[in-house]
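The same chain A turns up in both complexes below, where it pairs with chain B and then with chain C.
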Partner chain A sequence: MNLFKQFKQYPTAIIGLILIAIIIFIALYAIITIPYEEAVRLWRGNEEDTYRNPQKVPPVWVNLFRKDKFPESFSIYLTDEENKEVVVEDNSEDGLINKTYTYKFDYNYSTYLQEIILYGRNSFQEKQPFIEAFIITPDGRNIRVVNGGMSPKYVFRFSQDSKLKRRVKSDAIKGIFSTPESIKNESPELLKGEYTLVTKVRSFEENTKISVELVAHGRVFGVAGTDHLRRDISIALLWGAPIGLTFGLIAALGISILTMTISATGTWFGGFVDLLIQRITEVNMMLPFLPILIMVGTFYSKSILAILGVTIMLSIFSSSIKTYRATFVQIKQSTYIEAAKVYGASNRRIIFRYMLPKIIPMLIPGLVLSIPSYVFLEASLAVLGLGDPRLPTWGKLINDAHTNGALWNAEYYWILEPALLLIITGFAFAMVGFALDKIFNPRLREQ
Partner chain B sequence: MTNNKKRESTLQRIGKYTILRLITLFITVVVGVYLTIIIANMGGYVDELVKGQVQESLTMRLTADESFRNLPKENREALLQRELALEFDRLGLNDPFLVRSMRFLLRAIKLDFGTANHMISASGSNKVRLIIGEQLPPTLLLMGTSNLLLFFIVMLIALYLSRRYGSYSDRFFTSLSPLSSMPSWFYGIFLILVFAALLRILPFGGMLGAPPPERGSWEYVASVLKHMILPVTSLTVSALFASIYSWRTFFLIFSSEDYVDMAKAKGLPSGLIRRRYILRPTLPTIITSFSLMLITMWMGAMVTEKVFQWPGLGTVIVNAVGLYDTAVIVGTTIIYGYLLAITVFLLDFVYALVDPRVKIGAGNRS
Partner chain C sequence: MENKTEKDVVLSVKDLRVWFELKKFGFGSSGFVRAVDGVNFDLHNRESIAIVGESGCGKTSLMKTILGLYKPREGSITYLNKNISKFQKSDLKWYSSQVGYVQQDPFDAIAPFMSIRKILEEPLIINGVKNKKEREDRIRNVLDEVRLTPVDDFIEKYPHMLSGGQQQRVVIARAIILQQHLLVADEPVSMLDASVRVEVLRLLEKLQEKYGLAVIYITHDLSTVRYFSERIFVMYAGRLVEKAPVDDLLANPKHPYTIALLTATSEPDAANAKVYKEIPPGEPPSLVHPPPGCRYHERCSKKIEGLCDVKEPSEFDVGNNHLVSCWLYK
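Up next, the complex of A and B:
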């Protein structure tokens, strides 16, 4: 309790604790709302998961800071008869479908949609169903978009249809959403207002089922935006938290405890053991840590567990063994250790019950301070292209963004979102760690 | 006369200390390289590498031979296998692991890393040694500049702050020390964002502008300098604040020693006290901490190079990973081991120069 009282004297430490709480909250939220398998599957970026997402667009909230609003993405099942936004005109006869779906939508944005797609699914035996679509613009133009047969897995992309392009005398999306007079200009005038999409569907066999979905890719998406593979970045932002925290915590804890134990053992037994540990430490400090990790990642396994294991193994014999040793040498000579020897305590008892607890105040600040460095290590490896290929992490986002020229193309959201979370994590643990350091090692504070 | 004799023996002591450190470091590096080889070869990768090279050169040699080409197919295959077995035997690839690894260690110490599978040096060679050698100067340039900058900036600020303990500027700099929890490449990304992407005043990366200026001309130097600003800044800044914090603390600890108070009581000028009574005894501690920090910085520089597309060792190893070029990966790893050792050795030498215990030959380090 005394510790907490002292802790309260450091406002930065309190802020740090709050930030850590936020990151832990994000981590828990990620684990609860998106199960691990689901996150890994979504991050694979399969077509059926990402077809509604536009490519490389910023999050929706950027519109709050803009006068010229970006169009939002939307999608709707035109054939879903329970949806009140779609007006259905049913002329079906004798089990043959003949329906007209009318869908109106407002378009009051200042930029063009990225893409409009019609996805059709149907079951037919011999004769393909027929689809026909028109768009009626606010100025009354009636543009035929498509007419033709529907394959079982039908996809019609507006911008890739050459006939439509010819009809509107321009890039399809631009042609539809601009005033016809300005279409030849360098920057055509965008026509705001209510657009109507009329879709006619006919089948020529009984019991044919048809569904048509309209997907419009806007220029903003979701809370975090999307990447080059149309994946929702928020998945990686959320899941980066538990992965990063677990990696950092396990690495920091494992390394601290093992280093401490080895150092205590060496000092207690002295002689050959101590000498050996010191020499191993010297060799280990000369080992190029990151290149060896790269080697392991390339030759054996990029799995995060393998990397974690190697990280711990290479970091046990670090320079802190020497720092701990200096303290242990003092502890070894203290009278209570003498007393323990006299009553016949075993070596193990002396090391674990009498020596190690003494050094914990020295250990804890260092441990807390080292957590962010391992969180960043995971990110560094991802930037070097050695991130676990299955896992969505913050480092992977930064790497994807950087290698796909996000900075060059001014797609800053892509890099800034994961970077911000990394900064928060780094700062939070650093602030708490520095405060703990001052509390546990008051010598520095008094200086 | 006595003074001259004393200086000589000081030199001798420093020399002895340096040679001793050199030998221990060399042994350390050799053990380190051996460990690296064992790690690399745990799945037999280095062996596969050598075998692949042997097979390739043998097949090339045989197919160039007319009489071999005229043999029937089965005979050709049998001959190839027999020759291959002989060649493996001759090169000792069938020897026990211990012997083989020792042989590879010897080659690694002689900087002979074999040939690359895919990568080619700018001069057109596929010798790993040349590929690495070409990319070494940019890395050394980057690291050397940042290290020197860092050392002097930190030294100046830390000394200044230690004299103004508890002042506003002191508290400001110490409160910035959490900034060092972020690695240099992370700063790099933000620097690129601000200075290259938003302001468009500095390049995004690389070492030379396009078209590359002629080597040795002033434009060349200017171009390199311009491309260096951001990577050097990110390397320096990432290590800056934590170093300032810890060096300032060292200065404070040493300036509260009794002999400093004694010197003040004697009325010595404050400049002299600072130089001889505070700076001198603190330097060995500072150099030890600087040496530890540089080891981390070498690793950080790898990722920073990748972020800035700086044509150095970090980029080599990243490219090698992309191309799965085992010889280059192992070679670069070993080179990094050497570079770490050289850094530590150089700082050890400086340590010997400034540590009075080495000079008077009393006491031992550690």
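Up next, the complex of A and C:
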């Protein structure tokens, strides 16, 4: 209670606390809405998970800051008869399907769609169903897109069809969405207005089921955009929070507690034990931390648990052992410990009940401050390509962005989003840590 | 005093030597600090003794050896006919519930992060009082005993919320909560205000009478001695130079060092400001290389040449149970 009252004196600490709360909320939201297995599966970027996503596009909200809007992605099941946006003309006879679906959509954007795809699924025994599609442009052109048989897993990509290319005398999407007069120009004029997609399907067997989905890849997607494998970046942004925080928290807590305990044990027993701990510390302080981690990541395992374990092991015997020792030597001389010895307290009891509690107030600010540094460590390792390959994390995003040349292609969102979350995390913990430092060690308080 | 018999002896210290090795380069030895060098005394049941001496005379080392914190180099300490340096683990446990320890600086003597309840509960837990209710009762009783009342006001408090006198009462409470038989008080009032000294001493005296404690009271301040000690031992450079009942020693000091010490004791009297007191010249001898013969001879004004600086004096009885190690009383 008293602590909270003192805490309220530092507005920055309150902001830090709110930011930490937000990050924890993101972490919990991620764990609850996307279970771990689901997140790992989505991050594998399988075709069935990502076929609706455009590739390497910024998030939807960038349109808020633009006069010329980017086209948004959309998809619709043309064969879904309950959908009122699609007009159906049914000429089916004798159980043979013969339907025409008419779908109208407005196109008022200033750039072209990335891709339009027709996904068809059907079941037939011997005779393939037939599909035929036209696009009617606002200026009245009727462009035949495709006509032909449908395989069971039918995919028709507009931009990759050479016949369509020839028909519009240009790149397919550009040809459809530009005025025909300007198509030969260097930058053709985009034709805004209402486009109509007319799709006819016919089956030649009874009991054939046909579904057709129209997928349009725009130039923006979702709240966070997509990466080179069409994966939704928001998955990694969300899941980076629990992974990073858990890593940071376990590393910081584990290292602090172990370091403190080892330091106290060495100081209490003195002699050979102390000597051994001090020498191990000195040797360990000379060992290069990052190169060893890189070696472990390269030759042994990139699993996050292995990296966490090695991080903790290498960090236990750090200079903190010496810092704590200085305090413990002082505590060891306290007469309350002498008294405890006189009334028969065991060595273990003296270390854990009499020495450690005295140093905890000194430890807490440092502990809070060290959490983000381990979050950063995890991210840095991922950036260096040593992240757990299965896990969607902030560091992994930056690594992917870097290896795919995001900054050269102006895909700033890809790097800025995870970087911003990392910065906020560091900032939040630092603000809280500094305030705690001032509360627990009042001598540092500014005048 | 005369009616005390061998049977009543609680603690017997025989020819005790506590030496600390001076390390050279971390492993070699360059001699010893002879903090305690040949101390003999018996402490009887229900008796309180005071050990008096200037800083560095070895009284704290003597006390800590009695408490089992230091190991004696030679000699023995027997508690109820058991040699404490030959204790097994179970004996040590038993011994730790037999001796209470009251320290000099009350603020350092109690853990600052523990509540009063926790501070007093610890010895009980360690010494196997398993019943929580019993522990609580004993804590309340002992707080009542040291007059930290009303108990409910104090039991939840932390040391920094108490005054120095109250903290020292907590230390005393801890030293008697296991119903100890022997209390070692190391300058228990030297860090307290003059106004609370008497209170704390009276409390110790009352507790000693009530529980029949044997008390070793260590001090450098002769003015507080008479409150509850029966005998005074004067310690100088690792040895006891004079042992006598309180009144006898204060009225009739024999050893030149005791006389000097008594002279140096200040009484709050305005007249003292104008009086120049005779202080023995020089400094206490080095404990690493103690002088031959009587250790006080270098500072002594009554030194007998050829005797004091050659041969160590043995204890001479000057009557009335008054023992003094000085050739003057041969």
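Following the convention adopted for this analysis, the second predicted complex is superposed on the first by the 445 of 447 C-alpha atoms of A that agree within 3 Å, B and C clash if a C-alpha of one lies under 4 Å from a C-alpha of the other, contacts with A are read in each partner's own complex, and residues count from 1 in each chain.
Going forward, a residue touches a chain if its C-beta (ideal position, glycine included) is under 8 Å from a C-beta of that chain, and two chains touch if they have at least 3 such contacts.
Because the structure is predicted, anything quoted here is derived from the model rather than measured.
Asks: Quick one: is A:283 in contact with chain B, with chain C, with both, or with neither? Answer first, second, both or neither.
Replies: A:283 contacts chain B only, not chain C.
Asks: Quick one: classify A:35 as touching chain B (first), chain C (second), both or neither.
Replies: Touch status of A:35: no partner.
Asks: Check whether A:354 is in contact with chain B, with chain C, with both or with neither, and answer first, second, both or neither.
Replies: Touch partner of A:354: chain C, not chain B.
Asks: Just checking: does A:340 make contact with chain B only, chain C only, both, or neither of them? Give me first, second, both or neither.
Replies: After superposition on chain A, A:340 lies in contact with chain C alone.
Asks: Compare chain B and chain C by how many residues of chain A each one touches, and report the one with more.
Replies: Touching more residues of chain A than the other partner does is B.
Asks: Now for A:398: first (chain B), second (chain C), both, or neither, which partner does it touch?
Replies: first
Asks: Using the superposition on chain A described above, determine whether A:376 touches chain B (first), chain C (second), both, or neither.
Replies: first
Asks: Pick out the shared contact residues on chain A: the ones touching chain B in one complex and chain C in the other.
Replies: Touching chain B in the first complex and chain C in the second, no residue of chain A appears in both lists.
Asks: In their shared complex, at which residues does chain B touch chain A?
Replies: 24-25, 28-29, 31-32, 35-36, 39-40, 42-43, 45, 165, 175, 177-178, 180-183, 185-186, 189-190, 192-193, 196-197, 204, 249, 252-253, 256, 292, 295, 298-300, 302-303, 306-307, 317-318, 321-322, 324, 326, 329-330, 332-333, 336-337, 339-341, 344, 366
Asks: Under the touch definition given earlier, write down the residues of chain C that touch chain A in their complex.
Replies: The contact residues of chain C facing chain A are 67-69, 92-93, 96-97, 99-101, 103-105, 108-114, 122-123, 126-127, 171, 174, 178.
Asks: What part of chain A is in contact with chain C in the complex they form?
Replies: Going by the criterion above, the answer is residues 334-336, 338-346, 349, 353-354, 357-358.
Asks: Spell out the part of chain A that touches chain B in their complex, as residue ranges.
Replies: Of all residues in chain A, those touching chain B are 12, 282-283, 285-292, 294-300, 319, 322, 369, 372-373, 376, 379-380, 383-386, 398, 402, 407-408, 410, 412, 415-416, 419, 422-423, 426-427, 429-431, 434, 444, 447.
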